[in-house]
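Chain lettering (A, B and C) follows the sequence in which the chains are written, and residue indices restart at 1 in each chain.
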């Protein structure tokens, strides 16, 4: 099955309209409209509780929205969930990896879940990519936080997803590790991978993204192209957006 | 095909993980043997009377050790939020249910395979007969089928392990009752035809207890 | 209000039923058949209450499915209230059965299929409430309770099926052997009376819970 060619002719990798998510009485997302062109990188900022993680989880199809439409590569997410999940990769707060299995076993498991052909080859590739070749047969419980993050990235890239979602990927990583991570992500994509990530670091984000969005209390408070912004401008805008609601 | 590949992957992952730690197997086995030993002291009966209560003792051992083992089914998925990782995979949520149930079935059958000979030894009863084994296997399928979904429920509640027996044992009691009755018939040396009605009941429950949780499981793990 | 009508109607019918069973039924008994269960008053309480209990659990099952489909708090409220009533009525039919058993068989309980499955049913729906107390998140609580409401319902057909199993202590098909028309009328009146009572209490309980829900919503959004 070669759905890759058929689907990726759509210009927008991700498109949402009116996405709302409520948990009982609490409304986490109040109508999100996003258009993310294929191959672009979108940075999502916002204070804690703004709904960033919720948005990422909904895009990853782990959470269902209360209402609204989500199109991934032109197809409705809710009607094509299983197909589209193979096109999405997710690096979340937690690693999604089993601590008493080895790195290799973890990846082998997910490779089977994603139905990959020629598993061993791909697993080897991805482990080399994140520079964990020497530790591939060690149990995950022996890995440091940074190494686990790298393995989480390896897991996300295993099935070569054209769309990569990252939820605050820089947490717990030092500058060097962060550079390495972005290097890995960019290296594999050939410029065609769409990336959506949430972040608290303006400087790092501006360096890698094409577009910026600020989320506040479940709404998009501000959106702009990165080329039109500088670091101070962005910081100021962020203060404005988050302060405005506090009044 | 993709569905069954995922199911196999999940079941194998659980078995592999358990082989590493041997957490479930060791504690459950010890517990089951303890149950048998306690019963031995609780009832100081003549050999022919033991035959009457043997099926009950067996199923108390299986049921309680089964609950212990099922309790552990979803706990690894809670660490590092692995369940979300599974939910993001391109396969229906039902595959998670079936995979987990298969893993639990494997563990429970393993425990039963050890307990039955131990029981035969301690109580001097020939339990390793085809009738009893068939009943045990069939009933274990139903037991694990319901237990898996309740385990998924229980792990998300405040009281976790305490909740599972309360929720699960009443619902699965018809299967246990039928299993005990059928086992008694088997141990009494009666023919298969006498057991048929009970086997049919257990089979009917197996079907219900596989179908309904299969349909309802996605609602338990959704966010 | 509809609730009041139901309760008043059911109260009237209940009084009528009591009158019928205490006065009418014993008058029908003769020396030979007075020990048959159809001729004792408790029969005309026990059956309607048992019927309503099972009906209540059917409502829990349907409401649980409806909740998972529609996700409105209303269906969760219906399920909870119905489960509550189901437990109350089941307690009542277990108790009336037990009292009758003491008089008829000399024992408070017997472990036959009918009584055992009824007791298990009672435990299942108590567990329904325990499950609810163990979950703090309201949406998750409603969802899990709905799942349990569906899974727990399996025992209800079992309870009904055991009525048709022979060789039990608990009389099975006495309800189908009502010789005299007065008995049928009494039984039907009883069933109608208790069903109306159940519906009245159900609507009343739903209103109470809906109001409580509104209050909690107001409290939550007020601080924002």
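Criterion: a residue touches a chain if its C-beta (ideal position, glycine included) is under 8 Å from a C-beta of that chain, and two chains touch if they have at least 3 such contacts.
Since we're looking at a predicted model, the values are computed, not measured.
**Q** Which chain has its C-alpha centre farthest away from the C-alpha centre of chain C?
**A** Farthest from chain C by mean C-alpha position: A.
**Q** When the mean CA coordinate of each chain is compared with the mean CA coordinate of the whole protein, which chain is closest?
**A** It is chain B that sits nearest the middle.
**Q** Tally the contacting C-beta pairs at the B-C interface and at the A-C interface, and name the larger one.
**A** B-C
**Q** Measuring centre to centre with CA averages, how many angstrom lie between chain A and chain B?
**A** Computed value for the inter-centroid distance: 39 Å.
**Q** Go ahead and note the Å separation of the Cα centroids belonging to chain B and chain C.
**A** From the centre of chain B to the centre of chain C is 32 Å.
**Q** Please report how many Å separate the Cα centroid of chain A from that of chain C, as a whole number.
**A** About 52 Å, centre to centre.
**Q** Note the residues in chain B that touch 2 or more other chains, in rising order.
**A** If we look for residues of chain B contacting two or more partner chains, we find 222.
**Q** So in the complex, which bits of chain B are touching chain A?
**A** Touch list, chain B to chain A: 2, 5-6, 8-10, 12-13, 16-17, 20-21, 76, 79-82, 84-92, 222-223.
**Q** Could you please specify the touching residues of chain C with respect to chain B in the complex?
**A** The touching residues are 68, 116-117, 120, 123-124, 127, 130-131, 134-136, 140, 143-144, 146-148, 150-152, 154-155, 158.
**Q** For chain B, which residues are in contact with chain C within the complex?
**A** Interface residues on chain B, with respect to chain C: 146, 149-150, 153, 156-159, 163, 166-167, 170-171, 173-174, 177, 208-209, 212-213, 216, 219-220, 222.
**Q** What residues of chain C sit close enough to touch chain A in their complex?
**A** 137-139, 217, 220-221
**Q** Mind listing the chain A positions that touch chain B in their complex?
**A** 57, 60-64, 82-86, 88, 90, 92-101, 105, 109-110, 112-115, 139, 155
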